[in-house]
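In what comes next, chain A is part of two complexes: it sits with chain B in the first one and with chain C in the second one.
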Partner chain A sequence: MKRRGTIATATAAALAALVVTACSSGGTSSTTGTGSSGNNTSANFFNKGLTQVMNPSTHKGGTVTYESHAAPDSFDGGNTYYAWVLNFSRLYEMAMFTYKSCPGQCGLTLVPRLATDMGTASADGKTWTFHIQSGVKYENGSTVTASDVKYAIERTYDRSVMANGPTYYQAILTDPTYPGPYKDKSPNKMGLTAIDVPNATTLVFHLQAAFPDLPYVLAFPSTAPVPPASDTGANYQLHPLATGPYKFQTYQLNKQLTLVPNTAWSASTDPQAKQLASKIVMNLNVNQANVDNLLLTNQAQVDAAGVGVGPAAQAKIETNSTYKANAVNPINGFARFVYIDTKVAPFTNLHCREAVEYAANKTTLQDAWGGPIAGGQIASTVNPPNIIGFSKFDLYNALSQPNGDVSDAKTQLQQCGQPNGFSTTMGYRNDNPQETAAATALQASLQQVGIKLTLKGFAGGTYYTSFCGDPAYVHSHSLGLCAGGWGADWPDGYGFLDELSNGNAIASTGNTNIEELNDSVINNLFAKANTETGAARTAIWAQVDHQIMADAGILPEVYQKSLIYVPTSATNVFVQTYYGMLDYLAIGASSGS
Partner chain B sequence: MAVPIDVTTGPGGPPDAGATSSGRSIEGRSLGQIAWLRLRRDKVAIGGGVIVVILILVAIIGPHVVANPDVYHSNLVDPTVLRPTGSFGGISIAHPLGVEPQTGRDVLARIVVGTQYSLLIAFLATALSVIIGTFFGIIAGYFGGWVDAVIARTMDVFLAFPLLLFALALANVIPYSAFGLSGNTLKIAVMVFVIGFFAWPYLGRIIRGQTLSLREREFVDAARSLGARGPYILFRELLPNLVAPILVYATLLIPANILFEAALDYLGVGLYVPTPTWGQMLSIAVTNQYWQIDPWYMIMPGLAIFITVMAFNLFGDGLRDALDPKTR
Partner chain C sequence: MIFFIIRRLFMTVFLLLVVSLVTFAIFFLVPRLAGQTAYQLAAQYVGKNPIPSEIKTVETKLGLNAPIWLQYGRYIKGIILGTHYNAGPDVSYCPFPCFGYSFRNQQPVWPQLISDAPVTISLAIGAGVLWLIGGVAIGVLSALRKGSFFDRFSMGMALAGVSLPIFFTGLLALTLFSYKWQIFPNVHFVSFTANPVQWAKNLVLPWIVLAFQYAALYARITRAGMLETMGEDYIRTARAKGLPERRVIVKHGLRSTLTPIVTIFGMDLGLLLGGAILTETVFSMQGLGYFTFLAIQNQDLPEIMGVVLLASFFIIIANLVVDILYTIIDPRVRI
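Presenting the complex of A and B:
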């Protein structure tokens, strides 16, 4: 019959396809030809960009093309919290401070940019005075004044217009109830009493309490000046007035941004930045696999998201020595971990929490995040290694027994009165494939000691506002464990640990102290830290980290790493250690005009 | 004049009334026997049927025989590229179909347990469709008039329903426990409802058509003249004659349901992690780009779906040819 004939042919074709696939699958593909062996003898070698500049060049001109798998939350410096936008916005906006443009640990150094120096604090630490440079101009030639900086900070107070970004100013400065400039009734919209502008180049900040890290907060692009007359609120992102080396030429929302050199910019006012390329193009919402292919074939220069290539490209890079020589594998500053809620039974008992710490199989968790190269290093502390104040310790044999310490876990279960294990629920973001894989891996490893995890997935957009970040929901649904991740807002222990573990950080929504630790030891250490400076202050962060782990409030999974590919058509490429990705201020094109 | 009947009594006694010369009795063959003989001659359909039986056995017995599908084997995975270290996706004696990338879980075990869920959901959904479709089809076909019109329009509404969108939306709204069920049981019930409840017009229309032609037959008139009323005619006279098409189209509905269930799993509407289902394995292979690193991991569940669907289709086709050769 005709139909059966068709079926037979189709089957034969399918089998043939299988055979062909089998022949081309698996195995490594080694290149012949250039013969670079991936060590110091070639012009680039793996991880060169961590300590040196790759493809150094002074070539001016050409186009640098960025590709991004998503769109930014906003290109407006006052309305963004994405790490890559904080990095990229420096091309067109000058904030008060920035991080030094150099590879290695030097990149953690905060340096003044719009400011003239690191600022002066009063004796009690509650009043800070800053001066800004006098010769900085906007792209239209008008001069930047200190009141423009005050206005830019004021904009962040109105969360109904500027919904993204950190809320440090409200927490640190006096006058926290300022409604924002869009509801400000005072003339010139300068109603924030926490900041004084005595003259065109001076700002005086009034703080609620001493806060030595204030310059770090001012490194956020929310301090990039905005002239009140040009502010269009939520639409300002379509063309922010440029003070940096580049300015907006065209911006098709969610599709493409084009930057061209800002003629009003002067290199003498901005030594950290470079103006090499004659055009910068960013394509948004490009499929990640396409982004990776464009980089590998030298058609684009940078993956803007800065968190590395996808698994398929990772495999290609790992098995090809030419590709590998152009790749760099930084720690990206994010830590991935699981919160163990101290207020949800049976985790109210320290030993039940410690059982989870011992039982977790760190190797499978690391694999879930992408393996030791693209995933990260197995973590035994809350602070990742690139935080000032990091100290290495391992309370639960995470490093010595990475496949899990079942015997110690069982001992802890005995001590907490649950010798046969117990059941609990874990929340995680089910639209994040790696977090899903990590939750599944944890479920499998805890099963071995009798702890039964029920996994509950939530959408990422509301995870922190309505579910794991809402203590009422967590308690009513007995979410004993919640997946989490954290990147430092600035590279010292306060910036990393405070929101995670300070008793006063527990919030009713958007909570980040999800383990609900209210340990007076930790709280007192934070209070003490704000009265210390220098090495004494740095030493406190290790103590806080140690206490969080001793309380078993957090199960660390990995210090995340990214596998970033650097095409040879990109010049002056290196990893900026604070951002954990390439330094976008420095990159140029290798050819073109 | 009467002619004397010469009754001879031979050595074997009086001759049998219906004896043929060979000594065997003629027996009429029932419809079922005729169909079975025709089916038996159809080798392809028998092949499909055998595979179907094997699949059902695998679904029932398999999960108790294979390894634990949830156990990780990180030693079998190359950590730098997350690909299984063995060739062909890590095939070995211990893992006959290889292991999963990144986790090292046994693929054979996951496929076998997935068979259980696929067949269970497909069968239950088909049963739901058959029950509803037959009921409304018979009523519409027999009573005609406004009853038929109402049911036919209802069928149109159901056929026009944006089922996939509804399924996706429902998946996000269903809580962990509701209606007295929880966890995977609830999810299975929801999937059976989504797949089965909206597919009944497919069967309903066929049954309605068959009923329309059947009700004009003499045996219906005969039953009516004996005083039988609607329900008796429907369920005692018509329904037995409809068993053939019901069986055939139910068998053909099952593979469509298996494909739809796999599609729902792929889109994330399926069962809770880490329950292995074929659609979910395909989804993992695509989202994590494993199909580029280890194509075998995508081929295995794809093959499972392909073989299952084809077996049911072949058997259903053969069944239809056997039961109703006029449609050949």
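Presenting the complex of A and C:
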């Protein structure tokens, strides 16, 4: 017995020593001082990358390794909607427009890329003329023409092949029933009448109604040119023909992508992009914990998904000053809400909705989403701060009383005829742990004022198509509240607020105006915005935001943030404010990579 | 022997049909019975904020609006006779064995399985060799040195191997050897044909982690079997006849112990060839196991069907090989 006990104790001690050794971390030498390239990393501080360039370097060469915990929906620019792919695809595809490659608010500025300028709209706003640069070449040396851009847009109309990307063209342009080029019987597959190509460098768009944000829509990679002869439909994702600084070398589907410099690319035609690294490798479907550890040990340079590190790495970064100095914590453009359905009793009464706004404990909601660093900033408005037209206000004391304003909530309950509270049901996605925690937190805080919340969970895949996004289901099951979130397709108030609050956005399935707000004040403001430009237009978004909150249709929870770690082996790193993640067009590798 | 193999191969086809039917029922029929519609299923394969007509288009493209029995019939027909697929500008032909096209990325399933199989095969066979040799050797030595320090220590480690889950030992191994000491940095799969040395180096950690778990069981079974066998009369007779001790242990002792070892090894290897989900996930090696995990997560039904059929094939063939090996190990066995 004594010998067995000695052996067991020794074994346990050895294992414990291994675990303690593994868990202790003082950071590695490569995270301090000067990185292996000689680029200056000692001047880094937490959040430097929000407004300045981290690890500035002009070094050319090396390999930038991206790691991603998931696969893309598609690397075909015409068939993707993932934010990180929209960012990454700019390395190999030139869309008509892009966002300025600079840290800070200037990153929200839309600039021409393939286009020569911001385009010209007719007096009624229904016809837009754009010119593309002459001399831009594909990787095979052939020249890009305006017809190729038209063809690229046409591809997105065939949803049986291109099911993933946005569908703005069908909603904005004339000829919405165009079947797509694969069913197009016209010569050269140029049958979309909404776009004219009078010459090799000119495109004329015909709109159903004035739409000042058209250039934003043309910033999607669906406008990256595709020559019809090279189009392989669903297989195009395996090797899109490059116009950007890099081109596909190899791609093992959903495993690994390798990009090498595109020798046909010219920096003079593409000032927003850089061609620093001599190779870019993207590893897909890598366990998130491995991604984080590869970054922390400088074995990789970028977490491609751009939504921040996992909980274990977060703890390491927050408690280690060396790691923290190389981290950045941007608002990523996504906001988390609870929709308060204005058509489900008792929320048909404004005061009942306002009771929820006051009673919600924003601090516990923030904790549920991951706390102030990895979760987000307590929100008091629908528009997050990185949207053009953002205006800060706080109608329901979310900032001044983040633990909830019970007193005002009870006053509102009196006014809505429910002095002792009421019962309602809340829908949420039960396969999202943070959303589940947030729903539970809200349930507890509303309980304090007598509002009894029954939580009803749904699978994320069909949440918007069949449950909370289906008004008929919402009404028949009395879902007074629904959890959700939103990220803008482009960074102005229209891109963020229209789908959320315009009365004409209410749909029978996939509904995004989940609170079913049909306020003529808001609707008229959107109509007015389509006739305005510049500062006058920008000012409208704050009014819309204010009216949504006055209607108490949405309970804002947090403006989501990501904790992103920047290895010292990555150079020229900063946050691209629109994407809310690092700017992939700028990143290079240190000489040791 | 030949007739036995032919008979088993026919059984294999029948078994695979049964497996395909059951799998199809689980992933296609049961959700329908629970109320899921073809429309709801198609909605998962369309981008953000789809309009109803887009979902209907995808529903038709994927054949989800056909009756379940017809969908199954088309699937089996596709495996045997191949199928045509509309990829956009032209129609692709998917030859035998065509396991359909992924709902999510519209690529044929069979090439993806072939691409992932080397990862799982490398992982399973490498770990299998390690755990078989290691487990049996430790079991034999423990039996021969029963009650010694070596015996107690090795059985203690065997207990640890069986008790500690792979997501613990794997992560610990990565933390120490890949991230902290960087003895095996940046562990990811490298094809044997691309670089045999790197292939082996990057697989050392997953092999050891996987073998650690399985070797434990083999050590204990071998030890128990050897203890029983080495006490038999014929072993005493062999020693009395003056045979070398090594020959007594290996040819007479171990050989009798091997039958259950071979049975378990065949089952374990067959199961692993279908995908070592936990190991592949921990080490981010995209083999058939990780493929299965993603297919289920994405509800990509053709991928699920394909990987289940392939995994079943491996298990059935592994059992066939085990049955054949019996006749070699134990001459008393006839098939």
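As a convention for this text, the second predicted complex is superposed on the first by the 549 of 593 C-alpha atoms of A that agree within 3 Å, B and C clash if a C-alpha of one lies under 4 Å from a C-alpha of the other, contacts with A are read in each partner's own complex, and residues count from 1 in each chain.
We take it that a residue touches a chain if its C-beta (ideal position, glycine included) is under 8 Å from a C-beta of that chain, and two chains touch if they have at least 3 such contacts.
In this text, all values refer to a predicted model and were calculated from it rather than measured experimentally.
Asks: In the overlaid three-chain picture, which partner chain does A:Thr167 touch, first (chain B) or second (chain C), both, or neither?
Replies: After superposition on chain A, A:Thr167 lies in contact with chain C alone.
Asks: Decide which partner touches more residues of chain A, taking chain B and chain C as the two options.
Replies: Tallying touched residues of chain A, the top partner is C.
Asks: Have a look at where A:Val575 lands relative to chain B and chain C in the superposition and call it first, second, both or neither.
Replies: Neither partner.
Asks: Is A:Ala507 touching anything from chain B or chain C once the two structures are fitted on A? First, second, both or neither.
Replies: second
Asks: Touch test for A:Ala234: chain B only (first), chain C only (second), both, or neither?
Replies: second
Asks: Check the residue A:Ala289 against both partner chains and state whether it touches chain B (first), chain C (second), both, or neither.
Replies: After superposing on A, A:Ala289 lies in contact with both chain B and chain C.
Asks: Just chain B (first), just chain C (second), both, or neither: which does A:Leu218 touch?
Replies: Neither partner.
Asks: Once the structures are superposed on A, label A:Tyr182 by its partner contacts, choosing first (chain B), second (chain C), both or neither.
Replies: Only chain C; A:Tyr182 stays clear of chain B.
Asks: For A:Ala398, using the defined touch cut-off, is the partner it touches chain B, chain C, both, or neither? Pick first, second, both or neither.
Replies: In the superposition, A:Ala398 contacts neither chain B nor chain C.
Asks: Both chain B and chain C touch chain A; at which residues?
Replies: Residues 3-4, 7, 18, 21-22, 25, 289 of chain A touch both chain B and chain C.
Asks: Mind listing the chain C positions that touch chain A in their complex?
Replies: Spelled out, the residues of chain C in touch with chain A are 36, 39-40, 43-55, 57-58, 60-61, 86-90, 92, 104-107, 112, 115, 149, 152-153, 156-157, 160, 171-172, 174-176, 178-180, 182, 185-186, 188, 281-284, 286, 290, 294, 299.
Asks: Using the touch definition up top, name the residues of chain B that touch chain A in the complex.
Replies: For this pair, the touching residues of chain B are 44, 70-72, 74, 77, 79-83, 87-89, 102-103, 172, 176, 183, 268, 272-274, 284, 287-290, 292-296, 299, 306, 310, 314, 317.
Asks: What does chain A use to touch chain B in their complex?
Replies: 3-4, 7, 14, 18, 21-22, 25-27, 289, 310-312, 314-315, 318-319, 361, 363-364, 366-368, 370-373, 403, 430, 433, 436-437, 439-441, 443-445, 447, 454-457, 459
Asks: Can you tell me which positions in chain A touch chain C when the two form their complex?
Replies: 3-4, 7-8, 11, 15, 18-19, 21-23, 25, 71, 73-74, 81, 155, 158-161, 163-167, 181-182, 228, 231-237, 252-255, 283, 285-287, 289-290, 293-294, 296-297, 299-300, 461-462, 464-466, 499, 507-510, 512
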